[in-house]
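Labels A, B, C and D are assigned to the chains in the order they are written; within every chain, residues are numbered from 1.
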């Protein structure tokens, strides 16, 4: 058996947070979450929609449908990221420094200002686990992690998966809890590179490695499927042509 | 030249109120207004949309588009009728007696509760000119003829054409003004059969008879065109098959 | 060949589209008292309506998007409807809708009168998952005066400018007849975009079609932009002539003679019962 | 052969769709200071954007529906844009949009940040001619805190429930690139339903297409449900490769290499100017 790739480990880790999600939506530049959504859907049955995909099986009915579905309660899970993500799961997609003439300016909120409120299980995903990315407090709240009582918010953060580890989010406490460390990561490494305080169990387990069945699925069906919407990723990680 | 039919007279009379209307919309059970719209459009150039038509040239893009166009200000004229129409141009499409368990119940408002407010030139049309149809006050205001200052109302009643005569509507005064009597109608006949007071010029002219050019158009191009959306009417009035 | 080609067992497990045998199987999913929305002709869901009558469903809150004709009258005459929310019910050129008129006059049927774009806008608000939609017009009408559920607010963007807010409509069920469905729950509606909004707004959608086709309609570029996706469709059944006497464009035209006959016959309760016996109730025996 | 087949002279008289020779002719219709809306890729209106730069249009209020990439960055770098209203501008997988980032940081470009469904909902309110649209979400974000034009009201249907109201967007111009138009002003947009909403919301729409076809697209049942009607379209011009380097599905794919090159080159103003000289300004000479 060849060595498990980080991407494969992340795919199965994210998929483990997607139980009971018959409809999972994915942004177009998220190949690892996209693969995880496909893996979860393959295990459970279910549908994956990919924003901006022109693949007949994953595409949405125009640009608006996916947001409408979120409003209807028909999307169970979605993925977001952030230039910064803080300990209350506030995400910053706008930049560093004082708004609007920021020192560093990022792209903007995209759909987060809505989907983070409406989709029950939002998985936050970031491949750079550092204090720069995970500060105590974001510079700009593109979308808040928790809302005041009374704010209509059926959705919100469910987990945060990084290159080092996986957290779940406790909405009542408004805090992350460290669930598992990816193979090769130490607790100290996570603590050193995280700018916010988080909860953890007495013993932090290792993130389960992908099973052989998962790896087979990922390397065959999912690699084939991902080559449509994410050709670059499929090429680089699985050596697949579109 | 054969005798001018009442329908032809009404078609040219209504068309005379449709100057400068590049887009005229028509409900599906209004063949005389529909023909008038086509005549006006043929004279001036312009577009006719017919609610519920499946004719590629007249149909709307689904059921919603026409109402959206009215909201956008993209419809210049529309036609309404009423079981009752009163002197302030209030229309009643709901019935006679006390709402909701009315003595006589009609169909309901259809689009009038919106289009009467939004379309600049609404032509009211009714083939039964009687005190029953034109009372001083309607039993139920399905849609009002005039609105309080401050109510957003770019549209409203422009004219009322009946089997006897044609009125225009003075929005400032909130009153009809008798414009012309159709051939063979007397002023007394109109006065006897109208339950509301109205203004009139010192001398009420006769409604202009259709010109030969109008009649030729009506009996050829328009009769052909009308046979699509209004087969029954085209059959009965022009002897045309769909 | 991933997730989107589920086996029937997977589809069932997922609450994805079920394929049932008949309109009666669809009607069996609708409980008494449900909010049920139907669109105007053509493509009225006549087959399901007949099955609802056969089943004796009661106290339905019927929403017409935005008006209706024969099918609403049939459901009302058939005793299924407690409340109708509509912008108009009539048989069009043919005349009044006799059972609707009789039931409103007698008070047997409660009514919420509206106007077409208000029904559309409220369904579109439901489709978006928003709680309400603003709509121009209506102010000063007795339609508005009789809709305490419609609110008038001052436009927050323009002082002194009043505007109506309509509460969103999210029907328990949309029932729809369409030309064709595939085996993945996708139903083609052509240019009837409002049928998509209806299905999107509804919690569940039940659909009869003239034909179930084998190819995946999402792969047909001419059909793909005009589908109700299987995600919204709880169940589909084939029902040929399922819109009769209303038209199913491309399959059959409006049967004007039938509706003229209905309009005359249904003027009396007895005549209506005869119509039911002749046209609606036999379908059970035929199974 | 009635009204809907106007001669060119009638069409002009009617202010119906004009057929112009080039994207430059379209850009000539846009005055400085206009509100201009463009959709996200694919089918970005690159040819018109290039013509706007060649013409030296200034102070445009650019609205992206709901996000943008290369074309917005190009217009910003080209000096056309005074204010951008957007849910996001980036080159996607390729990286940041360099001229956008530089112009926001320097304060040369004013920005109204939003979130995708808010832009869509505000355009749909414009399409319906309603003054505003409600939208869930946003509360507690600094996006909302920086949009004084967004209002928060208490939902009149549910005490204590706050909700955002977005003012409707009715751009002066929508500029769109599409695969094909007919000679009656109808433009086929396939499943890009939001392009219809954009054209409906805009006061005027200017369109480039890969191809102008002779048949009336309203008569083609596969195309008819997915047209922007000529009623909304002020002018059309053919512009082959008019979306390049973005994709025009069915005609050409996304030119990833070109956008990678652009992303690298446009990091400096000089590099951007070279890009303009190489790819945008020559079109004038070519005429």
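Keep this in mind: contacts are C-beta pairs under 8 Å (C-beta built on N, C-alpha and C of every residue); 3 or more make two chains touch, one makes a residue touch a chain.
Predicted, not measured: the structure shown is a model, and the values here were computed from it.
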| item | value |
| --- | --- |
| Co-neighbours of chain D and chain C - touch as defined | A, B |
| Comparison of B-C and A-C (more C-beta pairs in contact) | B-C |
| Taking each chain's C-alpha mean as its centre, the one farthest from chain D | B |
| For chain B paired with chain D, centre-to-centre distance based on mean C-alpha positions, whole Å | 39 |
| Distance between the centres, which are taken as Cα means, of chain D and chain A, whole angstrom | 30 |
| Sequence positions of chain D contacting 2 or more other chains | 128-130, 135-136, 161, 163, 191, 193, 224-225 |
| Residues of chain B engaged with two or more neighbouring chains | 61-62, 67, 70-71, 118 |
| Chain contact graph, described as a line, ring, star, complete graph or other shape | other |
| Which pairs of chains touch, using the document's own definition | A-C, A-D, B-C, B-D, C-D |
| Chain D-touching residues of chain A, taken from the complex the two chains share | 28-29, 52, 54, 59, 61-64, 67, 70-71, 93-94, 99-118, 140-144, 147-148, 150-152, 232 |
| Of chain D, residues touching chain C in the complex | 121, 125, 128-136, 151, 153, 155-158, 161, 163, 165, 167, 190-191, 193, 221-222, 224-226 |
| Chain D residues within the chain A interface of the complex | 39-40, 42, 65-67, 86-90, 92-93, 96-97, 100-101, 104-107, 110-111, 113-118, 120, 124, 135-144, 146, 160-163, 191-194, 197, 249, 256 |
| Contact set on chain D toward chain B in their complex | 1-4, 6, 10-11, 13-16, 126-130, 170, 196, 200-201, 216, 218-219, 224-225, 227, 229, 231-232 |
| Complex contact set, residues of chain B against chain D | 22-23, 38, 41-42, 44-48, 56-57, 61-62, 65, 67-74, 118, 221-222, 225 |
